[in-house]
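Multiple structures follow.
You will see two complexes here that share chain A, one where it goes with chain B and one where it goes with chain C.
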Partner chain A sequence: MNTVVETTDLTKRFGENTALNGLTMTVPQGGIVGFLGRNGSGKSTTIKILLDVIRRTSGEALLLGEPTGSVAVRRRIGFLGEDKRLYPYMTVEEIIEFTRPFFSTWRKETESRLLRDFELPRNCKVSSLSKGMRTKLGLLLNLCRHAEFLILDEPSEGLDPVVAEQMLQSLVQQAADGTTIFFSSHQISEVEQIADHIIVIEKGRVILQGPLDHVQQKFRRINLVFDDPPPAEAFRVDGVDHVSLQGRTISILASRNIDDIAALGPLLAAKSVEVQPVGLKELFLEKVRER
Partner chain B sequence: MILRLNPSSGVPVYLQIVEQIKHSIEIGALEEGDQLPGIRPLAEDLVVSPNTVVKAYNELERDGVIRLRHGAGAYVSESNSPNSRRCRIKDASILVKNVVEKLRDMGLSDEQSRRLFEAELMEEVSCR
Partner chain C sequence: MPIYKVWRESRPRFLFVLAALLLVTAASTFYNSTTESVVLETKDFHQAGSRTFQGPLFLFWGFAAMFLGLGGLLRERAVGTVDYTLSLPVSRTRWFLYRAINGALQALAVAIVPALAVPLFASLFGSDYPIGEAAIHGLRLGIGGMLFYSIGLLTSSLFAGEFTSAGLGIALVFVVNNSTRIFQTLKPLNLQDAIAPTQMMDTSPYLARGAMPWTGICVSFALSVVFASLAWKLHKLRDF
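Right after this comes the complex of A and B.
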C-alpha cells in the first residue's frame, strides 16, 4: 500500500499541555480520508505539523515519503485552512489570476467548471463575500491546482447544507481525478457519506483507523432481552467493548466473536437476541466515552 | 435506476450499492445488457468516494451480476436471466403475502410484523 502520510509516535507539547500524545497514523494513497475527533483532540495540531507550520516535540512524520518541511513536497500538496485566509482587497477574478501562475499543474477547465458550479461573482471583492462564498473560492484555488494530496481543516464548518453538499461533491470530483483527500471534521454524517477511510483521534492519540467498511463490518450491537438480566460480568468475554443494562435489556457493543457472544443469549435464557450494525456516530460516542 | 443510500445505518455504503443494484435487476428496472453509470458519474451523483463505487462494482462483477469492460463501462450480465429472477421474485411475493396474512390472523399489527422481519433480516446480514 502506498501512503501519503505516516506518523509514528508523534508528540506535541505546548508548555504543560500535551496536544499530541504518541499519534501513529497512516493515510493510504487514493481516495477520501475522514479525520474525526472532538474539539481539542489534536486534529488541527496534527495538520499544522504535517504542513510544518509548527514543530513536533518528538516522533516522526512523513509526507509523501519525505520528512515534513521539505519544499519539494510542499509544492505537491494543497491546503485549505479553517480560517480560509484570502487577500480581502482583491476581486474573485483578480485572486484567481494572481494564484494561477504559481502552479504549473493548474487546469483551466477545472477553473471554469468550478466558477460556474459555485456561482462565484467574478467582480466582487473577497472582503464582501459570505463565509460560504469564501470557502468555495478557497476550494477553487486549491482544486484547480490538482495537487497530489489535499488537506482540508474542517471545510464544512459554518456552511449551509447546500454549500456543504457542493463542497463534498467537488471533493469527490477531485478524488476521481486522482488526488488523495484528507479532511478533518466533526460532522460524522458527512464522513460516513463520502470517506472510504477514517482516522479517529481523541486526546492526541488514534483510537480507530482503517477502511470505513472494515470498521462498519467489524462492530456490532447485540441486544439481549431477559426476564431477569444476569450480571454484566457474565458478558466480560473476548471481543466485548462495552456492556450496558437498560431495564430488561443488556446491550453489548462488540468488535470480535460476534457469533459466540450472541450465542450466550440462549445459554443464559435470553428471550430475544438481536444483532445490529452500528452507525459511526454511535461508535464514535462509545469509543470516546471509553477514555 | 435510482439508488437511495443511508450512510448512517452502519451498513457499508458499497454494500448498499451492491444490494440496490441487485434489487433494480430483480424488479426489472435494470435489464440484461443495460449500461450502468460510470464510476465517476455515479460517485459524483451519490457524493461518495470513487473507491466505494469501485468496490461495489468489483463485488457485483465477482457475483456475476455485471460485466466490467475496460474503459467502456459496466453492463448488466446476460447470465442474470432476469426472467427467471423475476419468476423467483413473483413466487417469493406470494409466499410473503401468505405469511403476512397469517401474522394478521394471529393478531399481530403490521408494525410488529415489520419489526420481526427486519430483525430476522438483520441477523442474516450480521452472520456474513
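Right after this comes the complex of A and C.
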C-alpha cells in the first residue's frame, strides 16, 4: 500500500504539556481520510507538524515519502486551515495571482469554473469576505493546484449547511480526480458521509485507524438482558473492548470473537441476546470514553 | 511570488512612515529656516538642513526604521495566516530573507527620500540646498542607522504583538542612548554620535567637507547584521 503520510512515535511537548504522545499513523494514498479526535487530542498539532509550522520533539514524520519541511513536497500539497485566514490586504484576484505561480500543476480552467460556481467577487478584499466565502476562496486556491495531497483542518467549522455541503462535494470530486484528502473534523456525520478511511486520536495517540467500512464491520454492539443481576465480569474475554452495565442489561462493544461472545449469553442464562452494528459516532464515543 | 507578498504586507506601513517623515522633515526645515538668524539673513538653507538631518530626521527615522522591521511570521501567527504562508513551497529562510531585504530597502528609502526633499523645500523658500549633500546625509543615515531596523526585525521575531515589539525596541534604544549620555565609558556606544556628521561638517557653509564617519557606520552596520542573523536563526528554529 502506498502511503502519503507516515508518522512513527511522533511526540510534541509544549513545556510541561504533551500534545502528541508517540503518535504512529499511516495515511494511505487515494481517497478521503477522516481525522477524528476531541478538542485538544492533537489533531491540529499533527497537521502543523506535517506542514512544518511547528517542529516535533521526537519521532519521525514523512509526507509523500520525504521529511516534513521539504519545500519540494509543499509543491505537491494543499492546505486549508480551520480559520480559513488568508491575506486580508489582498483582493480575491490578487491572492489567486499570488498563489498560482508556485504550482506548475495549476489548472486555469478549474480556477475559472470555481470562480463562477463559488460566485467569488474578484475585486473584493479578502478582509471583507465572510467565513463561508473565505472557505470557498481557500478551496479554490487548493483545488486549482491539483495537489497530490490535500490537508484540511476542520474545514466545515463555522459554515452554514449549504456551504458545508458544497465544500464536501468539492472534496469528493477532487478525490475522484486522484487527490488524497486528509481532513480533521468534529463532525462525525460528515466523516461518515465522505471518508473512506478514518484515524481517531486521543491524548496524542492513535486509538483507531483503518478503512471506514472495515472498522464499522469489525465492531459490534452485543446487548444481553438478564433476569438476575448480570455477571458482567464473565464477559471480560478476548475481543471485548468495553462492557457497560445498566440495570439488568449488559452492553458489550466487541471487535473480535463476536459469535463466541454472543454465545456466552445463553450459557449464562441471558433472557435475550441482540447483536447490532455500531455507528461511527457510537464507536468514537466508546473509544474516547475508554481512555 | 514571495517578494510580492512581503511588499503588499508592508506597503501601508511604508507609505505611512514615508509620509510621516516627509512631514517631519518639512516641519523641521521650515522651523529652522525661520528661527535661525543666519538663514533669515542670507536665505542660506545649509544650517537649517543640517540641523534637520542631525536632529528630528535622525530621531524619527530611528523609530520609523524600527517600525519597518516589524511583521513577519510571528505576527502572521497572531493574525492567523502563518499556516497558509508556511504551506506554500517557500522555505522559512527565503521568507525571512525577502522580508528583511524588503524592509531594509524601505528603511533606506525613508532615509533618502526625506533627505532629498530638503533641497526641494529649500527651493520653495527661494533658496538652495545641494542635492549631493542631501543624498550623502540620507545614505549615511540609512546605512549607519540600519541598526534601528534590525532591532525591529529582532524584536518582531521574539514577540507577536506589534506594540510589544515596537515598545521594547524603543525602550532598548532609549536605555542605551541615555546610558551613553550618563556613563562616559559607554559613550562610544551612542549611535547618534557614532554616525553623526559632526566631524565631516564645515560649520561655515554647513556642508560636508570632511570624511564620512566610517567607523561608526561600519560598527553599526555590522551590529545590525548580527541582530538580523539572530532574527533569522529564531525564524528557522521556532514553532509558529
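Simple rule for what comes next: the second predicted complex is superposed on the first by the 290 of 291 C-alpha atoms of A that agree within 3 Å, B and C clash if a C-alpha of one lies under 4 Å from a C-alpha of the other, contacts with A are read in each partner's own complex, and residues count from 1 in each chain.
The definition used in the following text is that contacts are C-beta pairs under 8 Å (C-beta built on N, C-alpha and C of every residue); 3 or more make two chains touch, one makes a residue touch a chain.
Computed from a predicted structure; not experimentally measured.
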{"item": "Touched partner set for A:48, first chain B, second chain C, both or neither", "value": "second"}
{"item": "Partner chain in contact with A:99 - chain B first, chain C second, else both or neither", "value": "second"}
{"item": "Touching partner for A:162 - first (chain B), second (chain C), both, neither", "value": "neither"}
{"item": "First (chain B), second (chain C), both or neither touched by A:267", "value": "neither"}
{"item": "Doubly contacted residues of chain A, that is, touched by chain B and again by chain C", "value": "none"}
{"item": "Chain B-facing residues of chain A, complex", "value": "30-32, 165, 168-169, 172-173, 175-176, 188-189, 192-196, 212-213, 216-217, 219-220, 258-259, 274-282"}
{"item": "Chain C residues touching chain A - in the complex, by the definition given at the top", "value": "1, 4-5, 8-9, 11-12, 79-84, 86-91, 237, 239-240"}
{"item": "Touch list for chain A against partner chain C, complex", "value": "48, 51-55, 71-72, 74-75, 77-79, 81, 83, 85-90, 94, 98-99, 101-103, 138, 151, 153"}
{"item": "Residues on chain B engaged by chain A in the complex (per definition of touch)", "value": "5, 7-15, 39-40, 43-44, 47-52, 55, 119, 122-123, 125-127"}
